[in-house]
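Taking it in order: structure first as structure tokens, then the write-up.
Chain lettering (A, B, C and D) follows the sequence in which the chains are written, and residue indices restart at 1 in each chain.
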Amino acid sequence: MRTITGTELSEHKSRDSCWLAVHGKVYDVTDFLDAHPGGAGLLLKSSGQDATAAYESIHNPELIEETLSQSSILGDVDISSLTVSLSSETPLQAESEPEPEYPHLSSIINADDFEKVAQKYLSPEGWAYYSSAAEDETSVQDNSRLYRLLKLRPRVLRDVTTVNTATSILGIPSTVPFFICPTGFAKYAHKDAELNLARAAGLEGVHQIIPTSPSMSLEQITGARSNPDQTQYLQVYVNKDRQKCLALIRRAEACGIKALFITVDSPVLGKRERDDRLKAASLGSEAPNTGIAKIGSSTLLNPGLAWSDLAWLRSVTQLPLVLKGVQTVEDAIMAYEHGINGILLSNHGGRSQDTAQAPILALLEIRKYAPQLINNPKLQIFVDGGIRRGTDIIKCLALGANAVGIGRPWLYSMSGGYGAEGVRHLIHILKGEVAGNMALLGATKIEEIVPQMVNSMRAEMEIYGGLKL
Amino acid sequence: MRTITGTELSEHKSRDSCWLAVHGKVYDVTDFLDAHPGGAGLLLKSSGQDATAAYESIHNPELIEETLSQSSILGDVDISSLTVSLSSETPLQAESEPEPEYPHLSSIINADDFEKVAQKYLSPEGWAYYSSAAEDETSVQDNSRLYRLLKLRPRVLRDVTTVNTATSILGIPSTVPFFICPTGFAKYAHKDAELNLARAAGLEGVHQIIPTSPSMSLEQITGARSNPDQTQYLQVYVNKDRQKCLALIRRAEACGIKALFITVDSPVLGKRERDDRLKAASLGSEAPNTGIAKIGSSTLLNPGLAWSDLAWLRSVTQLPLVLKGVQTVEDAIMAYEHGINGILLSNHGGRSQDTAQAPILALLEIRKYAPQLINNPKLQIFVDGGIRRGTDIIKCLALGANAVGIGRPWLYSMSGGYGAEGVRHLIHILKGEVAGNMALLGATKIEEIVPQMVNSMRAEMEIYGGLKL
Amino acid sequence: MRTITGTELSEHKSRDSCWLAVHGKVYDVTDFLDAHPGGAGLLLKSSGQDATAAYESIHNPELIEETLSQSSILGDVDISSLTVSLSSETPLQAESEPEPEYPHLSSIINADDFEKVAQKYLSPEGWAYYSSAAEDETSVQDNSRLYRLLKLRPRVLRDVTTVNTATSILGIPSTVPFFICPTGFAKYAHKDAELNLARAAGLEGVHQIIPTSPSMSLEQITGARSNPDQTQYLQVYVNKDRQKCLALIRRAEACGIKALFITVDSPVLGKRERDDRLKAASLGSEAPNTGIAKIGSSTLLNPGLAWSDLAWLRSVTQLPLVLKGVQTVEDAIMAYEHGINGILLSNHGGRSQDTAQAPILALLEIRKYAPQLINNPKLQIFVDGGIRRGTDIIKCLALGANAVGIGRPWLYSMSGGYGAEGVRHLIHILKGEVAGNMALLGATKIEEIVPQMVNSMRAEMEIYGGLKL
Amino acid sequence: MRTITGTELSEHKSRDSCWLAVHGKVYDVTDFLDAHPGGAGLLLKSSGQDATAAYESIHNPELIEETLSQSSILGDVDISSLTVSLSSETPLQAESEPEPEYPHLSSIINADDFEKVAQKYLSPEGWAYYSSAAEDETSVQDNSRLYRLLKLRPRVLRDVTTVNTATSILGIPSTVPFFICPTGFAKYAHKDAELNLARAAGLEGVHQIIPTSPSMSLEQITGARSNPDQTQYLQVYVNKDRQKCLALIRRAEACGIKALFITVDSPVLGKRERDDRLKAASLGSEAPNTGIAKIGSSTLLNPGLAWSDLAWLRSVTQLPLVLKGVQTVEDAIMAYEHGINGILLSNHGGRSQDTAQAPILALLEIRKYAPQLINNPKLQIFVDGGIRRGTDIIKCLALGANAVGIGRPWLYSMSGGYGAEGVRHLIHILKGEVAGNMALLGATKIEEIVPQMVNSMRAEMEIYGGLKL
């Protein structure tokens, strides 16, 4: 492998020939430009120079090797001759600047408070990435609307001196009926990213799903467990290359991962316009993604993933498999018939397909058309999307969910410099809301949260009516 | 009992050792800090000194003795050596300042007018305490929304020359089909607090429920009756200690209380964030309640209260018992089966559980699933929450309520310096609205207000549909 | 009858003794103060002096004699010694001031345009009186909401070269399927008040209902007919004194009135708070009406009016009788059974009972529960309230109305100095909208407007469902 | 034919005698004043002078000859003596002024972006003409509301590696399931008007309906095809004069037009008040159209068009006939029974009859009452109105449409100086959204978009319920 000087490197900074150096190696990313999930512009901006700092501010160190083919590596860089790209892809707070004064954690008393702090202190790019959703962002609003339509029916004069929020998820005890859903680019929120989640989750007895593309390696995150019995799952975007997929599963098993959450709602990337616009703006002439360009171009997404792939997955691992992104009763039934251990009803927080129905409607569909799947020992049912209150959680449980997933709020809770303590604080808030509202509802343990505690008439008028099973 | 100097007292003003003096006695409230419904901060603020003024601005003189154990009393204070805490818990209008000019009562023509005055003239703390509701405050809005969905169906060409709003409540005549519901901390609104309500109610022939923790003693309030036949009830939070509870009932009986309203919708405190935030803000570093901390900690609330306790209550008093806070038809039936004399359908004005269904929906549930309870001589049905207009009252009566309760508006009506005259004015307004709208509806007496006078189709679409009785 | 000097008169200007002079006579109005529909304040303001100008700016000259008893007349005033009250009850535009520049009529292209002009140019009192409605003004909004919920189903490929909006109302030809509803205090809008309506209606072949208390005498208004066949009806508030009522009917017959519209939705006055507040504000210390005071006090309203009175009315006149203000199918059936010739479904433009259901719902009730009344030769059905567009009119006709009434817009159309020309312009606009929309709908004459042309599903979900006939 | 001097011409500029010169000929347009779709004012403004420039800025050169009778031509103008009207009817951007800086096309990522640009850069007249709708513009909003009520039900784990948006429309291949609907006055948007559409459509394989009154001749537009197989249709307002209509059809056939879209929803002109007001404002004293004046006066519209005319049309041409503007299932059935080849469910973008039901409701009506018409080889069903997103398109297809029409967005896409490139960009955007959302929904080709992919419960509550077929 030859040595490449900074001068030579600096000549390759165009769409026709785009090189950059990371960790001392020079890569030719010309063919990868359009496949880069962050857009070609970000690569071009760091091309012709040492892009290590920019790369590290976002990515797991191994990602570049996993993503690019061996032939992309052109050689070693002559470090003495380099110019360095200090501009990271995301304008993280410069470490040297004085930190702004964040509100004291004790003044934050609900999940929305964290969101307001995050909106104020996150970089515009970080806020846009986290908060945006597909197209007109109607699904993300609809997810919340449905929870407001559901009304509670509190039962009185039950002894609720002791309220217990503990339950079990996939057969493993959890102190609470909610878990941490995977989210991308956690470094926008805090430099320790997923480590914060791992530490807080362990201390609080909460289960965590590690994203398929975390900001640091799987080994680092699983190594950050704060207690040995801590439950961590792994989100998996099944790779087109089965060998790569298998390798990942073996790593997960080695790291003590307890289940795999297979993302099935993103065969292609959702059109997140707010996020796209901001990226375009920051790059000047570079145009935002108009949707079609990205179909099939991503290295992460696998539009060819099909039910038949699940049989193979099932054959290669003993880990429980959960489908993340089921949105209809038909697919819930298919999951059950394929021997899947759980389904996470989700429209990806409104980030995949705009106007996709709210996941709570999918749960109500199951109640109506496939009640045999509710409280079925062979299939756990989870829900995510728009859950911000203890009452939201309780409503899902009452209607048949075994637990719920929460995503964006964890990112917000670690921003503002709060780190793991913010995450713990949010766990306390949500757990407190669940417990307090269970007491008000007349339930002392999770099993006592029954369907009769929810008046779902307004939502039921919206359940799909055309099914003939 | 020893004498304690102001200097010694002043050394105990921390979370580790917190003393304060009230009415010449020194109390150690260290263990009570977290149980104080107003938060530990308020106690700490007045600690190490004479807190009598601050205490009296809010509390009934006996409360401290009732609440704290005998062992909390450390001794008598050396009055000569005291520093005095003049800062009351609630910034009441300083008596010496010139009073602001309030709008003339005659310019106030509906209940909302009083609320606007109150919002302007109450202290921020008072306004927050009165107006706030649980979490996102959706139930409080929903209570009102339902009344707007109900439409009246006026009958014409009936002789309505004489319209009579009189009815009987729990067998006792009332000039109007509404009564005064209990509310806390009435001193925020006016220094005479519950005395205003007692005087006005007596003069107008309106029934009054005295709160369980009034600002002055039960004897003072019952002593303020302006007419000997005046009907007063007592709200009861059944104490964990049955002897204390029994003592209260005996006092109530001695005071001529006519019925007990047992609060059943608050086994734990609702999470009233707006109120919590303001308290926190006024205390600087002290954090607002995040919900879980308070469960089971209050001396007032009894999370263990259960149906079995009612049998005991029933056995110890001849007073009619009404359950305040029933929210489902199931519990209405249970109340009936337990020989209870009445139920007040209520979600505590949205202050307990957010997204609890509106009480008018509970009434419609009863119409649908347990019509035998409507107009049943053994069980009276009351409704409260969001009632602000004569038409709201009429709608409840038409759908089966025997009378309705009104809460916050009385507080607003006595604020602005109006006192008892404001309360009377509000009674006149509401009575006038009831009478005028009865005439417009073609009803000359309460019994002529029938279900056919309300088009409840839009609300009926929202009645819980999952019951199998 | 004695002569009273200005000095003596000026000594009677209090609630205890209140005199005023009109047209040279001195009246003692002390006992009438609380019965004055405009409030006692207006009388007090003009008391102790010559109130003729103030009186005439609002009232028909005969009204004072009709209203006050003979014993109220104290004597003749000594004109030379008088002070004169020039302040009219309503600040009409001073004739001497230059008129503001009103928008050219040709720039006004729909009914709402007239309303905007009126809001700008009317006195605050006039605007408040016309535009206000009862209490929270929800019925007035609801009336409009329902029209927006109704959707048209246009049929295509029908020859609509000739579209004819003519129909017959109570057997009398009308060029249009709408008529002029009666409204009070037309002088706020224009000094010629009802004369404008009479002139315009005659020229355009539109039927007019003259209000029971017009601004000028019935004879003046019927004398202003611009064509001999012109159809005028009279609104009647049936007086408690049958002889007075009979006298009015005889006058009406003598004036060529073609039918009587008996107001049945106002046994007492609605609580129109916006109007009341403005009156109070203009009077300083005088308090607004709180509702109850007015019940039974008005000389106009007759809370004792009942179905039995209709038999008497039917016996004393051959004129067709129409009940104005029917609001339920039950009363529609009763009207039919009492041999009434027509019903005007109306909630008095939301001015009587707030939250009364919209009249279009009453029409849909009739379609559902008493379809035999639709297109029944013995009973005509009219609708008013919130009708502002040709499509609103067409929707009523399609659902079974024979014609519709329009009220406030006529007042707005004559304000801004437009007078009769404004009224004609509004007739042209509405007629044009009816014709144009008939063509678009595939109907060439009124009879071709059929129920299938309206999709009323959303409104039908709101029809009262509790009737057992 | 005599020669007329500028001086003589200049004497005829009033309503009584109104002449103008176009292309060297003098026309007497006195009798045509009220029939001019743009209003008499525009003609009067250009009268008494050479109006060629003003005429050409809007109209197709042949229109004047087609519209006016031979007897209107008074003679040739003496060009040397002319004054020239440079004021065009529409203030197009003066060619000499520097163009404003439009946003780069690449920054436009959805159809609404184009609308925002157009609102900013179009002349007020152009914007008003394009964006306005009938009366209160409620139908145009309702069209959009319905799409938001429809929710998608994505199926997962289907191989969507290859997604194909191609389909066939009226038996002719199209790269996308949408086509270009005809719109008037395209020159407001861009000087090349329909040529842009023809060029872009050809390059992208999209079908185009040419408006009946384009800005340039049919031959010019069909001559601008960028590919020989390009599919162009013609919108036809069937002329009262069958010979004129026949001549147009023969021209269309000669130009290679593939089908005729017969407009049936506009027997008379809708009352587009916003547009009318702006025209009036720009003309000073001239009054806006109040609706009735225009009925039957237009040379374009034919209020006499009826089903019987279709038999004649069917007999004179082999071209497929599509009815544009069907709005009910009844007319869909009639179209089928008359041997029509297709129907375009449309309320003319809300421009004809306000409060006409949304076209998607008509489609749902067909599903309910005449399912045999769905996927029927003899009748294609199209939908237009409010479609702005790929998901809107997909929803129509799922519910039974063969393709959808899009109108205003094309005008917006060519404004801002974008011309044909803007149109192509919009095609790319929409095609991208369709493809991306098909993938997310689990459909790889148009036929795989099935009804079960749409949860239409909320819309189904609004389907007309009164039909007895």
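One rule holds for everything that comes next: a residue touches a chain if its C-beta (ideal position, glycine included) is under 8 Å from a C-beta of that chain, and two chains touch if they have at least 3 such contacts.
Because the structure is predicted, anything quoted here is derived from the model rather than measured.
Engineer: Enter the angle, 0 to 180° in steps of 5, of the rotation superposing CA atoms of subunit B on those of subunit C.
Structural biologist: Angle of the fitting rotation, subunit B to subunit C: 90 degrees.
Engineer: Interface overlap for subunit C and subunit D, more than half of numbers shared or less than half: same or different?
Structural biologist: different
Engineer: From the mean C-alpha coordinate of subunit A to that of subunit B, what's the distance rounded to whole Å?
Structural biologist: For subunit A versus subunit B, the centre distance works out to 45 Å.
Engineer: Name the residues of subunit A that each touch 2 or more other chains.
Structural biologist: In subunit A, the residues touching two or more other chains are 461.
Engineer: Viewed as a graph of touching chains, is the assembly arranged as a line, ring, star, complete set, or other?
Structural biologist: Shape = ring; chains linked end to end, path closes on itself.
Engineer: Quick one: which bits of subunit A touch subunit D in the complex? Just the residue numbers, please.
Structural biologist: On the subunit A side, the touching residues are 135-136, 138, 142, 264-271, 273, 276-277, 280, 285-296, 303-307, 309-310, 323, 325-328, 330-331, 334, 347, 352-358, 361, 461-467.
Engineer: What does subunit D use to touch subunit A in their complex?
Structural biologist: 104, 106-107, 109-110, 147-148, 150-161, 163, 389-391, 428-429, 431-433, 435-437, 439-442, 451-452, 455-458, 460-461
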